[in-house]
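What follows is a set of structures to go through.
One chain, chain A, appears in both complexes that follow, with chain B as partner in the first and chain C in the second.
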Partner chain A sequence: MKGFRSRLRRALSKIGGTFGYIWHRGEGRFALIVLGIWLLVCIVAAFWTPESLDTSDGYNTWASPSPAHPLGTDGTGRDMLSWLMAGSGTELQIVVATCMLAALIGIVFISFTLARSALASEIAVVVTDTLLSIPIVLIALILAVPLGASLTVIIIACGVSYGLNLARIAKPQAVLAANSRYVEAARAAGSSRGRAFFRHVLPNVIPVMSVQLSICAGTAILAEAGLTYLGIGVPAGTASWGASLSASASFISIFPLTVVWPGALITIVVVALNLFGDSLRRAVDPVVNSQLRAAAEEVERGSGK
Partner chain B sequence: MSNTTQGDVPEEAAQTAASGSTDASLASQRKSSRTGRARTSGPGSDGGQGGGNHNRGKWIAGIIIAVVVVVAVILGVVWSRRTTPSENGASGTTQETMTVGLKLAPTNMDIRNQSGSALDQVLIDNIYEPLVGRNAENKTTAGLAKSWDVSDDATTYTFHLNEGMTFSNGDALDSEDVVWSLNQLLEKKYAGYDLLRNIDSIAAQDANTVVIKLTAPYSDLLWSLSGRPGLVFDKDAQYDAKTEAIGSGPYLLKSFRENDSVTLERNENYWGTKKATIKTIILRYYADDNAALNAFKSGSIQVLAPVMNAKMTSSLTSDDRFVVGQGDGTDKYVLGMNNKGTVLSNIKVRQAIRYAINHDEIIASRGGVDAALGGPIPSLDPGYEDLTDLYPHNVNKAKELLKEAGYDDDNPLTLRLEYANTYGTEFGEQLKSQLKEVGIDLQVKVVEFSTWLQDVYTNHDYDLSLVDHNESHDFYQWADPTYYYGYDSKEVQDLYAKSLAATDESQQEEYLKQAARKVSEDAAADWLLNYRVTTAYDKGVTGFPMNLNQSRLPLASVDYKK
Partner chain C sequence: MLKFVVRRLALFCVALIVLSLLVFACLRILPGNVAAVMAGTNSTPERIAALSEQLGLNRSYPAQYFQWIGDLLHGNLGTSVLTGRSTMAETWQRAQVTLPLIVLGLLLSLVIGIPLGVVASSHREGGLHSVLRYVSLTAGAVPALWGGLLLILVFGRGVGLIGIFPSQGFPEDGWSSPASALVSLALPALSVGIISGAQMMRYTQSALDGIAESGYITMAMASGSTRARAIRTTGLRIVLPDLISVTGLSFAQMITGVLVIENLFSLPGLASMLVTDVGNRDLIKVQSELMLLAAFFLLIGLLTDIAHRVADPRMRGVGAESVAPAQEVSA
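Let's look at the complex of A and B:
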């Protein structure tokens, strides 16, 4: 129990240190602030929006911003602000589910590429490369046939595609770790292949993976907007930034302002997620992060004593 | 059932058009985002690496460029504003060429085999002419036949053709061509053949007289002959009907480019007394509404029909170069109800839905130009009567009726609405919020047209559905219990049969009127609105047809002066 608690404390301080490092730099701070606000809005919108999502005022469509509707109304006469707030929750769902699916698929494929049998690993590599060549939109279009427009389409299409990408990018790191002396030692000491994978290989891959996943998160939001525009993304009646954007897009030359709100929102959050990914990479890469390097040297020195 | 397919095809065409637009706009988006990125990345990376004077120099250069661009834009705007009045000033001369922007593109020019109103729009009255004419009020007038006699029992129609008619290739058009065209239609089951019913025989009495004998009266015969079924083709002409057309009309088909344009050129040897006014008319198809609007505003097209959403006209009405107007049509936005469904077979629920819907609000949200419609027959069809006061918007009454049907807060009613994505998501969202007020939870599903066909039209697996039934004279839907509404009323079926068998027009209208009232009283469906086409044109254009111009566009008397 004590071991667990100290390990947890160590992990927390490590995460805290990473965030501290990210916060330290301007773009990282921007990313953290934007993402923080996003989460906050998600929580608020789950319980309260300025106007009920069911209210629509047909006499007042495409209205300009006013005290009653700070961002104006859309083509159905609904409050833009309320719908964008509610949409942030949908985006969060998509992002979280996509990243989880991508991570799962990534790990499964990495484990296959490290398989004992050369054939299995070869097959995994070939399958990854082949599937990677299928565009997300095509996967989504195929999925939309049985599923119709739904969040599942976006999540599966993006999750599969990013998961394979992840496997491809993290593979060298995983192979390096799998062939290392300490894994060899662990195996010699009697640890099973699975245990060696989860205890020694996976932790080596996690930094690369977390960076990739934060970039996936940004792309997932863009994919949602794109697929919804094509009519195979978020179904009608569900609030999402992509849905608000595509509904307004047909009136861009008449009511440009209604396109600006969801468009700006998507841009800001995606930029924040990408910057977060960049900063995260810096924070966990000892070549760039001098603090990390110093800490590692300290440990080395300590063990040398 | 077979004659229903006709109405569906335009919608399908609309859908392909819509998907085309998606691709186009995606491509343009991609392009713009790429250039945008290229532009922004330049100064950003320079700013990071360069320093001191070098950096400042670049900034100054950037500012100068920005200033130049702004000044150029301002000058451009001022200059274009200044030149417009002088253009407007002259009443001018008729232009050689006029370009019209349309939305739904025909896939080919084969009017005998390819259904869809986009073909009717281009070809009828311009290239091919029907035996009986049709005017802007959707009534029959003289066409190739200058007059006709109907026997007292309404089973013999004698048509007297104009004399000296010719096709554009010089061949004479006489009763032989008429008889051949009509017989071919029935024999080969070309598009629209089912509109000619009870035909006993079609024969030429002499070169200028055609006699059609019926087995029983059919009151829609003349109207049918004024549309596609009445078109007269040259018996002796050989041509590829998919890309060419040889007819007797005031225009010739000069070129057809799929999904792009159709070019019409004046038929200098037109048989009629009045030749076409404008020499060349180009019909250009825009799948994307914004592209169409921009083309119109920039002057590359002189007429835009339709301006998809009347809300779009706000930027046009304020501009004195343009005229914006609406025309009547027969597009009925029908909220279909599954009359055989478990819940909606109860008339009280159907009535409650009709009371719950605020039609004024729906019309207002679309720009307020569409007409309210209280029953199955629109104002341009025989048997029209204003039925909008049968079910006025009344939330309390709707709630009462639902309570009587056994639904309240403890036992709320959930209904599914499924419709094709060509109509946009706004309808569903509005209905959802309006029905919420009376306690109905509406689950909206917007699907591909093919899915809709499968679920609703074929399998009747739905509660509510929304379709724009754009056909004229289409009351048969309510007299056919196997149609997807599942509306089965003996009284209505009898009345409709009587209207078809009527021997004079006022009788026909009276029966249809009674039938329409019954359908509306039974709340067999709800009619959200009667779509009215918004057309915008350059103020130099005169005589452009406004009514029904999505299915019929006679261009011969249109003038464009500059």
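Let's look at the complex of A and C:
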């Protein structure tokens, strides 16, 4: 128990250090602020929005921004700000679920590529290489036939696609770690293959994976907007940024201002997620981060290699 | 090389079979049976029975599967139950809008992305570098729908500030008047091309940055070329295989955006057909369409891998395992 607690503390301080590093650069700070506001709005919108989502102001459809409706209203007189706030929660659900699924699939495929059996690793490589050329929207269309328009369609289609990509990107790192001296030592000391994988190989892959996942999060938001517009994403009546964007899209020529808000919001958040990914890479990737590189060289020298 | 092609072809066939099983299964795990779904909620049991007889749905799953695969192999994609039109003919007609749009978008993205990527990689410090970085970052983060809308607001005929391009529809007579067909694809292709071009620029730049410290560029510079020139000539040739792979993958990644853009500009392409058919639950037709498209993208993947191999002379003696560059994802 005590060992677990100290390990947890070490992990937390490491994560804290990484965030500190990100915060110290302008780009990273921008990303953290935008993402922080997003989380805050999600929490607030879960309990309160300026207008109830069901209220529609029938006399004020397509209204321009006003004190009553800070971002105006849409075609049925619903308050744009309230719907965007409520949508941030949906968006967070999609992003978190997609990233978790992608990470899971990525880890499973990486463990397959490292498997002892040549057949298993062969299958993993074949599946990743061929399925990668199938577009997300096609997977979503196939899934939409039995499932209809739902969050599940977006999450599975994106999660599978990003997971396979993740496996392919993280593979070199994983192979390097699996063939390292410390894994050999751990195996010689009697730890099982599985234990060696989780204790030694996986921690090596996590930095690469988290960078990639933050970029996946951005593309998942973009995919949500696209799939929802095509009618196979978020179902009608559920608030999401893509749904708000699609709803205003058909009347673009008459009410151009309404369409600005959801689109700008999506762009800002996706940029923030990409910048976060870039900063994270800088913080955890020894090839880019000179401090980490120096530390790694220190260790190399210390081990008398 | 031959060994590689044969192996890759075998993979292609295996992938096709797995995909066909997947598509077939997804359309059979519907609640209720396919015929009942297709006939609609108000149909009589006799109508359902007649429909399943007509479509061969009362046979066992393996029998249905092999019948379907046999038909596909003979180029027979069946006819739509709702419209009675041949699926093959309709898909082909729709593809005549979608494929040119994809190709135009891809060309634009290469024309935008590669030169800018080279410029960004040649100027590694200073104002231009960061301006290009932020431009590509922002342009790559724009949802395709919104990008298209903004372009309509600027260039759309009748609604835009500089109304020079039509923002809706495709000529009735299709490609028999190529000029007006091309003009009606201008804004859609631009929307897709700019977003994809931003990503292409980031790939080009990071690939070029990756070899910037290598001996290749130093060698070229030692032979008397400037740094910019070394990157343009030697650098681009070395990263060419990677760029080919990325282009092949963008082909698959662009398609979500392409379908959205098609709907936005009311182009009679594959998007409206697929979405309508999935919505109408014209299931047998959807099954063949999805399979056809999946096969098409697998084929593109196959061709990309072979082109990658041809473009990289270093790979000629190497074993058959596939080498693809590390790659970022995009929607």
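Following the convention adopted for this analysis, the second predicted complex is superposed on the first by the 290 of 305 C-alpha atoms of A that agree within 3 Å, B and C clash if a C-alpha of one lies under 4 Å from a C-alpha of the other, contacts with A are read in each partner's own complex, and residues count from 1 in each chain.
One rule holds in what follows: contacts are C-beta pairs under 8 Å (C-beta built on N, C-alpha and C of every residue); 3 or more make two chains touch, one makes a residue touch a chain.
Bear in mind the structure is a predicted one, so any value in this text is a computation, not a measurement.
Colleague: Once the shared chain is lined up, is A:Pro235 touching chain B (first), chain C (second), both, or neither of them?
Modeller: Touch partner of A:Pro235: chain B, not chain C.
Colleague: I'd like to know which partner A:Arg78 touches here: chain B for first, chain C for second, both or neither.
Modeller: first
Colleague: Does the superposition put A:Gly26 against chain B (first), chain C (second), both, or neither?
Modeller: neither
Colleague: Mind working out whether A:Gly36 is in touch with chain B, chain C, both or neither, as first, second, both or neither?
Modeller: Once the two structures are laid over each other on A, A:Gly36 reaches no partner at all.
Colleague: A:Ala223 contacts which: chain B (first), chain C (second), both, neither?
Modeller: second
Colleague: After the superposition on A, what does A:Ser161 contact: first (chain B), second (chain C), both or neither?
Modeller: After superposing on A, A:Ser161 lies in contact with chain C but is clear of chain B.
Colleague: Applying the document's definition of touch, where does A:Asn274 land relative to chain B and chain C: first, second, both, or neither?
Modeller: second
Colleague: Pick one for A:Pro203: touches chain B only (first), chain C only (second), both, or neither.
Modeller: After superposing on A, A:Pro203 lies clear of both chain B and chain C.
Colleague: Which chain, chain B or chain C, ends up touching more residues of chain A in the combined arrangement?
Modeller: It is C that touches the greater number of chain A residues.
Colleague: Common interface residues of chain A with chain B and chain C?
Modeller: 226, 229-231, 249, 252-253
Colleague: Please output the residues of chain C touching chain A within their complex, sorted ascending.
Modeller: 11-12, 14-15, 19, 22-23, 26-27, 29-30, 137-138, 140-146, 149-150, 152-153, 156, 158-159, 248-249, 252-253, 255-257, 259-260, 263-264, 271, 274-275, 278-279, 281, 283, 286, 290, 293-294, 297-298, 300-301, 304-305, 321-322, 324, 326-331
Colleague: Okay, in this complex, where on chain B does chain A touch?
Modeller: Chain B reaches chain A through residues 22, 25-26, 289-290, 293-294, 308-309, 311-312, 314-315, 358, 361-362, 364-365, 421, 424-426, 428-430, 432-434, 436, 443-448, 451.
Colleague: Quick one: in the complex, what on chain A touches chain B?
Modeller: Against chain B, the touching part of chain A is residues 54-59, 61-62, 75-78, 148-149, 226, 229-231, 235-237, 243, 247, 249-254.
Colleague: Can you check the complex and tell me which residues of chain A touch chain C?
Modeller: 125-126, 129-138, 141-146, 161-162, 165, 168-169, 172, 212, 215-216, 218-220, 222-223, 225-227, 229-232, 242, 245-246, 249, 252-253, 256, 259, 262-263, 266-267, 270-271, 274-275
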